[in-house]
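Here it is, the structure, as structure tokens.
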Amino acid sequence: MRWTVFAAFLIVVPWLVAAALPGQQRYILHVLIFTTLYGALALSYDLVVGHVGSLSLAHPAFFGIGAYTAALLATEARWPFTIALAAGIALAGLVALALGVPMFRLTEHSFAMGTLGFAIVTQIVATNWVDFTHGPLCVTGIPKPQWGALRVATLPAFYWMGLATVALVGLLYHGLTTFRLGRAFHAVRDNQTLAAAASIDPLRYRMLAFVVGGAVAGGVGTLYVSYVGVLCPGELTVSLSVNLLVMIFLGGVGSLRGVLVGAAAFTALPEVLRMAPTWRMVIYGLLLLVIVIRAPEGLEGLIRRGSALGRRPFSSRA
Amino acid sequence: MALFEARGLTKRFLGVTAVDAVDLTLEAGELVSLIGPNGSGKTTLFNCVTGYLTPDAGRVLFRGRDVTGVAAHRIARLGLGRTFQLVSVFPRLSALENLLTFLQQHQEESVVARLVRTPRVRRFEAAAIERARTLLESVGLAARADAPAGSLSYGQRKLLAFAAALMPDPDLLLLDEPAAAVNPTMIQQMKEQIRALHRQGKTVLLVEHNMDVVMDISQRVVVLDHGQKIAEGPPEAVRRDAKVVEAYFGR
Amino acid sequence: MGDLVEQLVHGLTLGSLYAMVATGLALMFGVVRLINFAHGEFYMLGGYAFWYAYGELGLPYPAAALVATAAMGVFGLVYERSVIRTILSRTWHVQLIATLATSITLTNLAILVFGTQPKEVPTRLSSVIVEVGGVRLAWQRVVVLAAAVVIFAGLEWFVTRAKLGKAMRAMSQNREACAVVGVDVQRVALATFGISAALAGAAAALVSPLFNIFPDVGSLLTLKAFAAVIVGGFGFVKGAIAAAFLIGLAESLAAGYVSYAYKDAIAFVVMVLVLLVRPQGLFGRRIGI
């Protein structure tokens, strides 16, 4: 019952904002749209980091691959939005599949570095392959989403699209991280050796999380560029990985509610505080440092610490 | 056809031969113990036959099928269960969930089916929960079914790991030092559990240092020293074997 | 032909830089089993320290180089004391994220303090071009290579003769045994960080006259240094040095003959190839530094 009320509240937000703060409406909706997209992206990242325990730094690349695929297909080849979206998701997922096979053979540090290297190379390619990606000149004029007859053009419409996205991704996330699949993921994360003794193939589940996470990131990338209208190589920097890490660790890694709260706090707060981008990154860096050392379970963990089942995902092991 | 066979199994690490051309055969329903001084290669042998290590030479056959070098999760799926020397559980899952994890791969369902939770999957889950509760009952952990496994005592976790290995009803069970680091009452309980398995017709191979346990329950004892098999036979015969005595006390 | 030699010389310069930075990374991993994602920032800060000492304060080159090296040495000690000590006992996730966070913080602080415009610090030696057999090269490049050789020789002496150095080597082979025999494990860890950071600072002082200093220079450098550590075989310092030169040469040749724009991708490509074909590194799995 509470969920329905909350969902209804979320849906009517644009009207509430129009009524309460008419002058600020454009700005607030803009922030909310970003929040929903980041929420979905953070969830896709948490699948890999929080539930299967693989510290991948390649997520910006998948986001970027989805974004560029859709952007170029829409602007150069004039493909309809829905097909471009599907292509963005599919290509990002395929690249994740291709990357995962060699990467998951590596030990933890090398995996992190390898995925980081991939992200950096992707950015280098996006910046330098000017003939294809327009490089620093950016891809411009990306058309707005068109779902069949439905055209998403107004801010409230984008907000609802974002809301639907995060709801859908949340549903997928929930399905994957609970019940049998959740148990399999967590077994691989917490005790890979024992998981194998339980007939669970660690590689299979790592790949599953990685590919689904990558594909969803690609999808979010597509939606993102259809909203912003412009795509530059600067969107795929390592900073995005840091931002995602802050989001999931601040809110609570491995927790649906936690990650969404983290994403919301991360996106909304600097807007509220009106911070300059560079100062923002300094604060985030310090924040991430403090959180990961002092409170790795994030806000969610601090709340749960009261109950008997306190979870500590990345706390020290004796 | 023997249930399990290791032929000429050899494993080397950086110049040291941990397991040296060991032959080991288990007929269905046997209860065999593998003993030997520390460093004689018992756990390495276990790891070789359960897919955690690839042997440098020799073959492993399970029900006549060559499983040498097959990955651990595939061997487990074939019906070979094991426990670990350092007791191993999933600390953040509950005791019940620990057990469920061991059965789920044996009930065929696709990822999508599990994602969507089809009625078939739900039925499997319900059946698994029932079996898990029965097993927890049999090891005396029914009261802690929903407690996170990490919060259980060492002895309780040992029993949990034991129950978990039994969940998929394996034909062959390899137990790595089930009686280590537990109190005498628990040892009695363990012995009873293993005897019960034997009565049910299960095949058990245990690695053990506790000689009382070994002598008490084994049908046959195999002795390793420095990676080589130096003796094999009924408990009393092995106990008196001069080579065995020398291996343990002679040096 | 002259062109090729110039590329090779440039490759050796790059290799010297990568080797010095990679050595620090390998030492840290060898001794305390930790990957420091902020390592490139030691180089970056060292570069700015050198710029300040030489460019702003007007100190003579050797003094300025020493200042940069010493400043980074101290920074390394402080860094170990503050950040590293807290995360040494934690899981590798925490360590990785913590050092990554430090890297981002330092990079952005540098932007705030020094601005995004690259600093150029030409020295007399970097401007003096000498012609050797039809090849034009700046004296500074010779200095870089010579200094690198001296530094590595010094390091080798250090880990084989000096008490602290021997302790470092011992710790990288068996940490527990060291603690048992009474080696001050914490002090050795502290010293390792100081030395690693100082190495990066020295590298910056040597190479900054040739390349520019900018806040972001650290991130790519960390990746390339890490690539060298992986290719050389984790924790094995000599292997990392050899691999670093290999990467430097490959990068220079690729930039000259294949494509300048994608030169930075070379290190990654080499790393991935090695990881796929020979995961234990080109020089096998050696234990210890």
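So that you can tell them apart, the chains are marked A, B and C in the order they are listed, and the count of residues begins at 1 in each.
Operating definition for what follows: contacts are C-beta pairs under 8 Å (C-beta built on N, C-alpha and C of every residue); 3 or more make two chains touch, one makes a residue touch a chain.
This one's a predicted model, so the numbers in the text were calculated from it and none came from an experiment.
Shared contact partners of chain A and chain C are absent; no chain touches both.
The most centrally placed chain, judged by C-alpha centroids, is A. Set against the Cα centre of chain C, the chain with the most distant centre is B.
Averaging Cα coordinates per chain places chain A and chain C 33 Å apart.
Taking each chain's centre as the average of its CA atoms, chain B and chain C sit 48 Å apart.
Between the Cα centres of chain A and chain B there is a gap of 42 Å.
Among the residues of chain B, none is found touching two or more other chains.
Chain contact summary for the complex, chain C toward chain A: residues 35, 83, 86-87, 89-94, 96-98, 100-109, 111-112, 219-220, 223, 226-227, 230, 261-262, 264-265, 267-269, 271-272, 275-276, 279.
Chain contact summary for the complex, chain A toward chain B: residues 172, 175-176, 179-181, 183-184, 186-187, 190-191, 193-202, 208, 309, 311. Chain B makes touch with chain A in their complex at residues 50-52, 71-74, 76-77, 81-82, 84, 88-93, 97, 100-102, 104-106, 109, 111, 114-117, 121, 125, 148, 164-165, 168.
Residues of chain A that touch chain C in their complex: 53, 55, 102, 105-106, 108-110, 112-114, 116-118, 120-121, 124-125, 128, 238-239, 241-242, 245, 249, 278-279, 281-282, 284-286, 288-289, 292-293, 296, 314-317.
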